[in-house]
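Both of the next two complexes hold subunit A, though its partner changes from subunit B to subunit C.
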Partner chain A sequence: MNAVVMQLTLRGLLGRRRALLLLVLPALLLVLAGIVRWASGADVFATVGLTENFAFGTLLPLMCLLIGTGVIGSEIDDGSIVYLLAKPLPRRTIILSKLAVAWGAAFVFAVLPLVAAVEIAGDDGGRLGLAYGVAATLAALTYTSLFVALSVVTRNAVIIGLLYALLWETVLGGYVPGIRNVSVRQWALATAESILGDYAYVWGVLSAVGQTAALGLLAATTVGAVVLAVRRLETLRLTATD
Partner chain B sequence: MPATEPVATPGPAAAGPGDDVIHDIGFRHYDGPRLGRAWVVRSLLVETVRGCFGLGRPARSKVMPWSLIGILLIPPLIIALSILLIGGDELPVTYTQYPNALQLVVSLFVAGAAPYCVSRDLRHGVMPLYLSRPMMRTDYVLAKFAGLALAVLGVLALAQTLLLIGALLAKLPVGAQLVGWASGLLVSVVLAVLLSAITLVVAAFTPRRGFGVAAIITILVVVSGVAEMLTAVAQDRGLTTAAAYLPALDPFNLVDGIAVRLLGAESARGHDVPPGVLGGLTFLVVTAAVVAGCLALLIRRYRKVGVV
Partner chain C sequence: MSTLVLDGVSRWYGNVVAANDVTMTVGPGITGLLGPNGAGKSTLIAMMGGFLAPSAGTVTLDGTAVWRHPDIYRAIGLVPETEAMYDMVTGWQFVVANARLHGLPDPAAAARRALETVEMMDAKDREIATYSKGMKQRVKMATALVHDPSVLLLDEPFNGMDPRQRLHLMDLLRRLGQEGRTVLFSSHILEEVEEIAGTIEVLVAGRHAASGDFRRIRRLMTERPHQYTIASSDDRRLAAAIVADGAADTVDLSGGSLAVRAPDVGRFVHALPRLARDNGVRLLEVSPADESLESVFAYLVAR
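What follows is the complex of A and B.
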């Protein structure tokens, strides 16, 4: 990893209008959590509803997508990546440095607000917060790596990433049970389920995948995405902006 | 041209000030027809509509719009097949419900198209070139807006028409289907205008295309999710009025409410809708206000663009 690349990436990520979205969305989640608490009286089931439907299902992939495409996609888009690629740095150093920043940003802007929202909306002695926190961390790691790889591979990373995160995981996953086996969200939720133990069945925090398989799949996807991103950056073809 | 004639006499077309914009600096005269302001606007509009579908752009710009259109057109085929195989005398998804059911895909199409329409011109600083033609700033904004709205309407209308063809091939009652199709088209018009206005504003403030796409889709998806959560909360607390009006935060629900109250359609999401024609009119007024507000914002945004 390279400190200068990380510093530049961080400045690019937080220095523009993107930072506004990165701050507004978590704030919105916290306000929503406050409203849910006011409405349900700190009911755990309402918290699970808020997290499953909005925080974990929509906001987390969206934030990871914004961050993942923000660290490298915009540079490839406007062609300024050539100045970075021209430096005597291995491409894997560039990807790993950018990924480290993306993971850190995803943790700060997506995972921490999610845990805070769970605590605000109503928790049972921190149990739900811990389970969702661990699951969200795992999901954020995989989503971010996936979306960074996607933005190296294609210029339509945002649209394809959203088709995957929302259409595939949420809409199609709701109808076709088999799709739930191929879903980062379900893999991550498997950890939440096993941390919660018996409470998982009471509160309905259930996953379609077993714990061991889920962790293996998460790790394989993350590593695969990183390798793919490095390989594709090594042979990146710059095309004219359109 | 002889060298002894340093100052060229203005060409005949340059006689009246203001009606000649091909600057005659003495090299070559132009006596051909001048197509004027209306033609510039028309060309810009046609170019915008074509560009939204990737026509006249490289092949990789065609991939995304057409795959999204493909996804939008698959469900009508499946619906038609399922009626043929299983039978039944009505469509499982009505025409007015269809854009709502595929909200995400419609949003993605608009999010991909809106930054294409305006972001590049801002980013590459070519606005002065447009403005040096006999075209007002307002014309540019309205042409882009109309172009985007027409493109979105075209996609929605195509899906609705495919649904109609499927229903007619399955021998569903023709009259009812035609009425449903017409109301579906009306809903599509309102939705296309509303979505185009909102997304163009966001795109005009994000000159980077990639971020424009992300910002638009984030706003549409998050607003929809927040509207759902707030509606559920309002229902829990027994605030029926709030529960009827809160879904309208989401543009798709706003249009759905209009369809339910003014066209007598079934609601797409089963939300409560404000009662009576008055509720529908309220939603219609809100829609008009949002569109007008967005256009005003756009025109305001473009007032200073291109001034160095």
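What follows is the complex of A and C.
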């Protein structure tokens, strides 16, 4: 990894206007958590509902999409990536440095607020917070890698990412059970399920995929995305204006 | 001292051929890549800089293929045409970051040297977003020069510059060329290129149309048949005199004015005033009919 690439990436991520969203969306979640606690009286079932439907299902992939495309997509779009590419740096180093920033940002802006929201809305001795925290961390790793790779592969990364996260995982996954087998969210939730043990059945924190298979799929997807991103960056064609 | 060699380089995008079997050697000194818009200059520079794979042929720098060899950037400095930089940092921070990305032993000293070269030390602590177009161009130059490269590639560096900035950049490029660096820049303006380039490579519609020093290119461009439209007090009389003199090989009176095609422009422009005076004809207007650069290029291609 390269410290300069990481610094430039971080400034690029936080220096643009869309960085505001990275603060607004988690703030929204915390406010919602407060409302849920007030309305339900810190009921764990209400917390699970808020997390499954909004925090884990919508906000987490959305934040990872913002971050994943923000660390490299904007530079590819405006062409400033050329300053990184015209350097004697292995392309692997560039991608891994950017991913490190993306992972860090996803943890700070998406995973921590999610855990905080669980605690605000109502937890049972930190059980739910721990389970969802670990699951969200795993999901964030895979989501950001996927969206970074998508940014290198296509200029329409945001749209495709949105379609995947919202349409595929949420809507289609809701109607067609088979789709849930091919869903980062379900893979990550398998870990939450096994951490919670028997409580998982009580609270309904269930995954469509078994724990071992889920971890394998998460790892394979993450590694595959990283390899793809490096490959495609090596042969990235910058738009010639000519 | 470094030499870029293009050997039979072609590049196509689907059905569109952007570069067609280009073979050229770019050595130390200043080379101008001249061609109209859309001729494939940016495509060619992208391939020289290792940002685009040739569809056929090879680009090598001192014997090493440039495609997929990031190590060549130790020797190559690139000034891209794109405006975008990292707007949220200062010019100084950006150039230092570039020096560090190159792994230079003393990034601050290298950045200072580069910014001094482009005369940007005064504004170095302002954010890049606040710079004018010319200042951005100079910071771009500084990032390209920070590692003291032996090859400098510039894509349309004079675009959007005011005359003073243009002179300043020309001085700088001249100096870099004299130091023995291989400097290649693209432009669609002949005057710009012949001002500073020792060698000119002309690219038209993706083809390498001509190559040589500016005198040769200038001659190729001027020693072609020129068309003039002339308005005078007696077109018919003047036409007869021109034909009798042999200064033009085609004279056409049908369009209401006098149209002339002269194979030797030097001879024609000297003969015309003399013929008019001797025959008592007043010249009201003499205008070249096809002086656009595109027609010049078209002629070179058809040649």
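The rule we apply is simple: the second predicted complex is superposed on the first by the 239 of 242 C-alpha atoms of A that agree within 3 Å, B and C clash if a C-alpha of one lies under 4 Å from a C-alpha of the other, contacts with A are read in each partner's own complex, and residues count from 1 in each chain.
Everything below uses one rule, namely that a contact is a pair of C-beta atoms (placed from the backbone, for glycine too) under 8 Å apart; a residue touches a chain by one contact, two chains touch by 3 or more.
Keep in mind that this is a model prediction, so the values were computed, not measured.
Applying the stated contact rule after C-alpha superposition, one finds that A:Asn181 touches neither subunit B nor subunit C.
In the superposed pair of complexes, A:Arg237 makes contact with subunit C only, with no contact to subunit B.
With both structures placed on the common chain, the touch criterion links A:Asp78 to subunit B and to subunit C. In the superposed model, A:Gln211 makes contact with neither subunit B nor subunit C.
By the touch criterion stated above, A:Asn156 is placed in contact with subunit B alone, subunit C being left untouched.
In the superposed model, A:Ala86 makes contact with subunit C only, not with subunit B. Note on subunit A: of its two partners subunit C and subunit B, the one contacting more of its residues is B. In the overlay built on the shared chain, the residue A:Arg11 is in contact with subunit C alone; subunit B does not reach it.
Common to the subunit B-facing and subunit C-facing surfaces of subunit A are residues 16, 78, 241-242. On the side of subunit A, the complex with subunit C involves touching residues 2-5, 7-8, 11-12, 15-16, 78-80, 82-91, 234-238, 240-242. Residues 57-58, 60-61, 63-64, 68, 71, 104-105, 108, 111-112, 120, 205-206, 208-211, 213-215, 217-218, 221-222, 225-226, 228-230, 232-233, 236-237 of subunit B are the ones touching subunit A in the complex. On the side of subunit C, the complex with subunit A involves touching residues 18, 37-43, 46, 49, 51-53, 68, 70-74, 76-78, 80-82, 84-89, 97-98, 100-103, 143. Those residues of subunit A that touch subunit B in the complex are listed here as 16-18, 21, 25, 28, 32, 35-36, 38-40, 46, 49-50, 53-54, 58-59, 62, 65-66, 69-70, 73-74, 77-78, 155-159, 162-163, 166-167, 171, 239, 241-242.
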